[in-house]
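So that you can tell them apart, the chains are marked A, B, C and D in the order they are listed, and the count of residues begins at 1 in each.
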Amino acid sequence: MNYTPSEMMIVAAARALAGVRTVFVGVGLPNIACNLARHTVAPALELIYEAGVYGAQPARLPLSIGDPTLVSGATSVVPMADLFGLYLQGGLVEVALLGGAQVDRFGNLNTTVIGDYAAPKVRLPGSGGACEIAIHARRLFYIMRLSRRAFVEALDFVTSPGHLTGGDSRARLGLPGAGPELLITDKAILNFDNPQREMQLVSLHPDVSLASVQAEVGWPLRLADDLAVTPPPTDDELHLVRDVLDPQAMYR
Amino acid sequence: MNYTPSEMMIVAAARALAGVRTVFVGVGLPNIACNLARHTVAPALELIYEAGVYGAQPARLPLSIGDPTLVSGATSVVPMADLFGLYLQGGLVEVALLGGAQVDRFGNLNTTVIGDYAAPKVRLPGSGGACEIAIHARRLFYIMRLSRRAFVEALDFVTSPGHLTGGDSRARLGLPGAGPELLITDKAILNFDNPQREMQLVSLHPDVSLASVQAEVGWPLRLADDLAVTPPPTDDELHLVRDVLDPQAMYR
Amino acid sequence: MTELLSMAEAVARYVEDGMSVAIEGFTAFICFAAGHEIIRQRRRDLTLIRMTPDLIYDQMIAAGVARKLVFSYLGNPGVGALHAVRRAVEQGLPAPLELEEYSHFGMVARYVAGATGLPFYPLHSYVGTDLPRVNERIQFVTDPYGGKPVAVVPPLHPDVAIIHAQRADPQGNTHLWGLLGAQKEAAFAARRRIVVVEEIVEEAVIRADPNRTLIPGLIVDAVVHEPYGAHPSYVQGYYDRDNPFYLAWDQISRDASQTQTWLDEWVYGVPDRAAYLAKLGDATLKRLQPGSAPSGSVNYGEYR
Amino acid sequence: MTELLSMAEAVARYVEDGMSVAIEGFTAFICFAAGHEIIRQRRRDLTLIRMTPDLIYDQMIAAGVARKLVFSYLGNPGVGALHAVRRAVEQGLPAPLELEEYSHFGMVARYVAGATGLPFYPLHSYVGTDLPRVNERIQFVTDPYGGKPVAVVPPLHPDVAIIHAQRADPQGNTHLWGLLGAQKEAAFAARRRIVVVEEIVEEAVIRADPNRTLIPGLIVDAVVHEPYGAHPSYVQGYYDRDNPFYLAWDQISRDASQTQTWLDEWVYGVPDRAAYLAKLGDATLKRLQPGSAPSGSVNYGEYR
């Protein structure tokens, strides 16, 4: 295998952005994935950052969500009230990429605490913009590494709503976005494309066994009817990731 | 008399702004009065215009509330959401100048209709920003010519609240600003400085009789304990108005 | 995606009979070119939305395009009344005109609610006034933190917003400076947006100053390049308000037949804005030219 | 009226024990100079308010100035956790720290409500989450137009807001470009405001571009001229984030005694920002220098 699991994640996420116009981006892996998509399957993709940036064209790999390279040369830089009000709550974000410390089978996310809220074992960062991003983005993709600590039967805290208790529970509460659609991991791709809106395995990355995926998930994982194998990264995709987007290998 | 009634109004209004820091200005007479104050009794006076301008330094007499001369050289020019939200509703406007087609004895203003709202005899401009200016300005000054058609017993429509039904009725509704304090006319100066917050005559302009004032007011006008005579415009004030602020005599 | 269209194409494509249309720009950036084209294309039953209807809606209402007006101040700014609007409201001529009115802040709040997807927007206006009595859309809600009830207004979603600005790139990314009014909010609140500009510039000009971008091309359906499209109102740094015309309109518009004669000559009688400008003449445009007052340039920094 | 003060004077004058303090600036314009001076003046029992507490609050909390934190994202941006904050929350070291948390939009909405005198601000967040369960200030109100209940947050009024920017005139009229975050809203929401700038400029520089004025001198109590006052964060066009320091802090702050050693050396051990910069050295400042990316100049027009 001439690529890393992180590279496979980046490439799979980029491919999922084919034809998308606006994406709400985080730093790190998601940022590389979005820029890869802009160079390949989504040339019209506009990058939106919660710091207030629309249409960023970063000249280097951004080191944080508010890196000055995101500002210089952007299409528009606005107060965060406008970014969250006009763009996100206004319904202009087509896809958002999120991750979390814990996810459950309906795609709800926890980024707040491990343990009890009042006396936490681990105090995590909290929501940031994730709570409202999960509510408003028309489509929601997750990027997370598979691990038994992260894929849990019950969250310690619901920071960002996925499909809540499944089925149409999200629509019944009136949440505008469609909720999590895709979950890209280092071992496999999962989605929520069933009436229960339950996480299901749809594609294993090359050379990954079903058992090794199930081993990292804290409940009996549902399988899609047709289980595929993820096409490996192409030479062109690897070249862009390695030589153009992350030449210092910070996120691979 | 070597000055016009309008010049007396402008000068009296300017003097009332002594020491004031921020004033919400309309065009025409109020604009000249504020600029006169800036040249005389209120050098630190900052002019605020509802179009979104803070700290205007107009290079010519503005022809409308949104004249471009108000923008060039201003301290700050902001969206109207900010002007009304941050400055006005935020409580930063110390004095506002208003006028109207009708005013009653408690200083309520009508700028909406003469006659019935659904079938008006005269359709007036409506509120503009007046409704919220009257609610929020910490101090409220009116500039209006005395006339029986304007100073009426009962308004056809309450566009902007003055002291409502008098006394503490304004405070009881929770309106943040103190309500009308001063009314400057072409013949006299009136205020509301009594427990009933009823309009009262405090100063007659030179050579104006009490009877000629009462003749233009549609109810028996209350008199202050000490009735004064307004000091006439000084040569310096007249020079500034005539030669600097309104050289084309548009508002005199 | 955004298209570069002529004004005639943009109006034909996006403004239909019965729609609600907001031509915004508070006393400035008023797109008379769009209003005149709507008159020429004889649209009917429009709901016209604007804080200050100004001369452009007076002309459009005189021409019979509207059935309703949503507004907050009905005047010829700095001059007097809007006589054609008054004829419609007071006498039903040429046709009755329904009014829905707010204060300025109420209109701004409606645009903000529309632009940000909120079901209502709170503001401390209207208490003690007759406005809620004549406009049932103004409501009051309880403060959950124990304060007094606060007024709210509902979101406004014009079918089309038409915004005039100094410059945009071909993708519709728009720079605007001077009075910002509620143009951004109106554009985001609308279902379709036409941006009309004095100049089309390269994308790099826009990207060099991203804080100046009021409207992103993302929400722009059509860009129209129409120099002097806001005459007789003004565009900061490009031309001044043609005040003699604002004064002249006060006379013209007092008389219904004179108003129609003016429309015949200056709107129906010209095919487009270029013909209007040719008729107006270079002397007028020259008279309206401002002096230079540069903003100065700041450094955003190159971060590689 | 606004006064030009040194950082030591401004903190001594406006920041008192027990107050609530917001040093805002979303990942940029973070006024470390003010935070360090607050540590040096040994303020206690502060309520620290910031969307992203960042390293500056990690340092201040390690130094024991705070009893409470109001925030929306608790991280070392792009690097990892805030270890001093975690020690305070998980182990009560050096002292317990009360948390009051929101999402980013919730914090922005609290500032907006505070800045605009509203009793609450509505937003479509929090539905389906556990946040309202642990923060009773998040409430829901009925939509008077018949929609679903909508979340609201109450106004935030910091006793003091400290805002870093590129430049101001001596009256405190402040230009800021790049990430605008919620600095304007925090400044207007606060009871007192300290503006800290890279450069003091003439009033004419500010007035040449009034759309760039984020904060008017009217609301500014003190202006502090403190070049590089935001290091190791950045100021758009002036310097870059010192990322090696953000990475180093991840290591330093994992250990309580190493953290104190760092504070002794870089905060208590220097009298002011000038000494900090001398210690930091020119090579570091030079490394952080960005290239040139001019905004270009626009014409506001002279209207006489």
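Definition applied: a residue touches a chain if its C-beta (ideal position, glycine included) is under 8 Å from a C-beta of that chain, and two chains touch if they have at least 3 such contacts.
Keep in mind that this is a model prediction, so the values were computed, not measured.
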| item | value |
| --- | --- |
| Touching subunit B and also subunit C, the following chains | D |
| Higher-contact pair (C-beta pairs counted), A-C versus A-D | A-D |
| Chain centre separation (subunit A, subunit C; CA means) in Å | 40 |
| Subunit C and subunit D, separation of their C-alpha mean positions in angstrom | 37 |
| Centre distance in Å when subunit A and subunit B are each reduced to the mean of their C-alpha atoms | 57 |
| Euclidean distance of C-alpha centroids - subunit A vs subunit D, Å | 28 |
| Contacts with two or more other chains, residues of subunit A listed in rising order | 53, 67-68, 71-73, 77-78, 85, 89, 136, 176 |
| Junction residues of subunit C - those touching two or more other chains | 112, 117-118, 123-124, 147-148, 178, 180, 184, 208, 211, 236, 240, 290, 293, 300-304 |
| Chain contact graph, described as a line, ring, star, complete graph or other shape | other |
| Chains grouped in pairs wherever the two touch, ordered by label | A-C, A-D, B-C, B-D, C-D |
| Contacting residues of subunit B [partner subunit D, same complex] | 21-22, 44, 46, 53-55, 57, 59-60, 67-69, 71-78, 82, 85-86, 89-92, 136, 176 |
| Subunit A residues touching subunit D - in the complex, by the definition given at the top | 27-28, 50-53, 62-68, 71-73, 77-81, 84-85, 88-89, 112, 117, 120-132, 135-136, 157-161, 164, 170, 173-176 |
| List of subunit C residues in touch with subunit B within their complex | 26-28, 51-52, 71-75, 77-79, 81, 85-86, 89-90, 101-106, 108-109, 112, 123-131, 134, 147-148, 178-182, 184-185, 234, 236, 240-241, 243, 246, 290, 293 |
| Of all residues in subunit C, those that touch subunit D in their complex | 117-124, 139-145, 147-148, 150, 152, 154, 166, 175, 177-178, 180, 205, 208-209, 211-212, 236-238, 240, 290-304 |
| Residues of subunit D defined as touching subunit B within the complex | 1, 112, 115-118, 173, 184, 188, 206-208, 210-211, 213, 216-219, 300-304 |
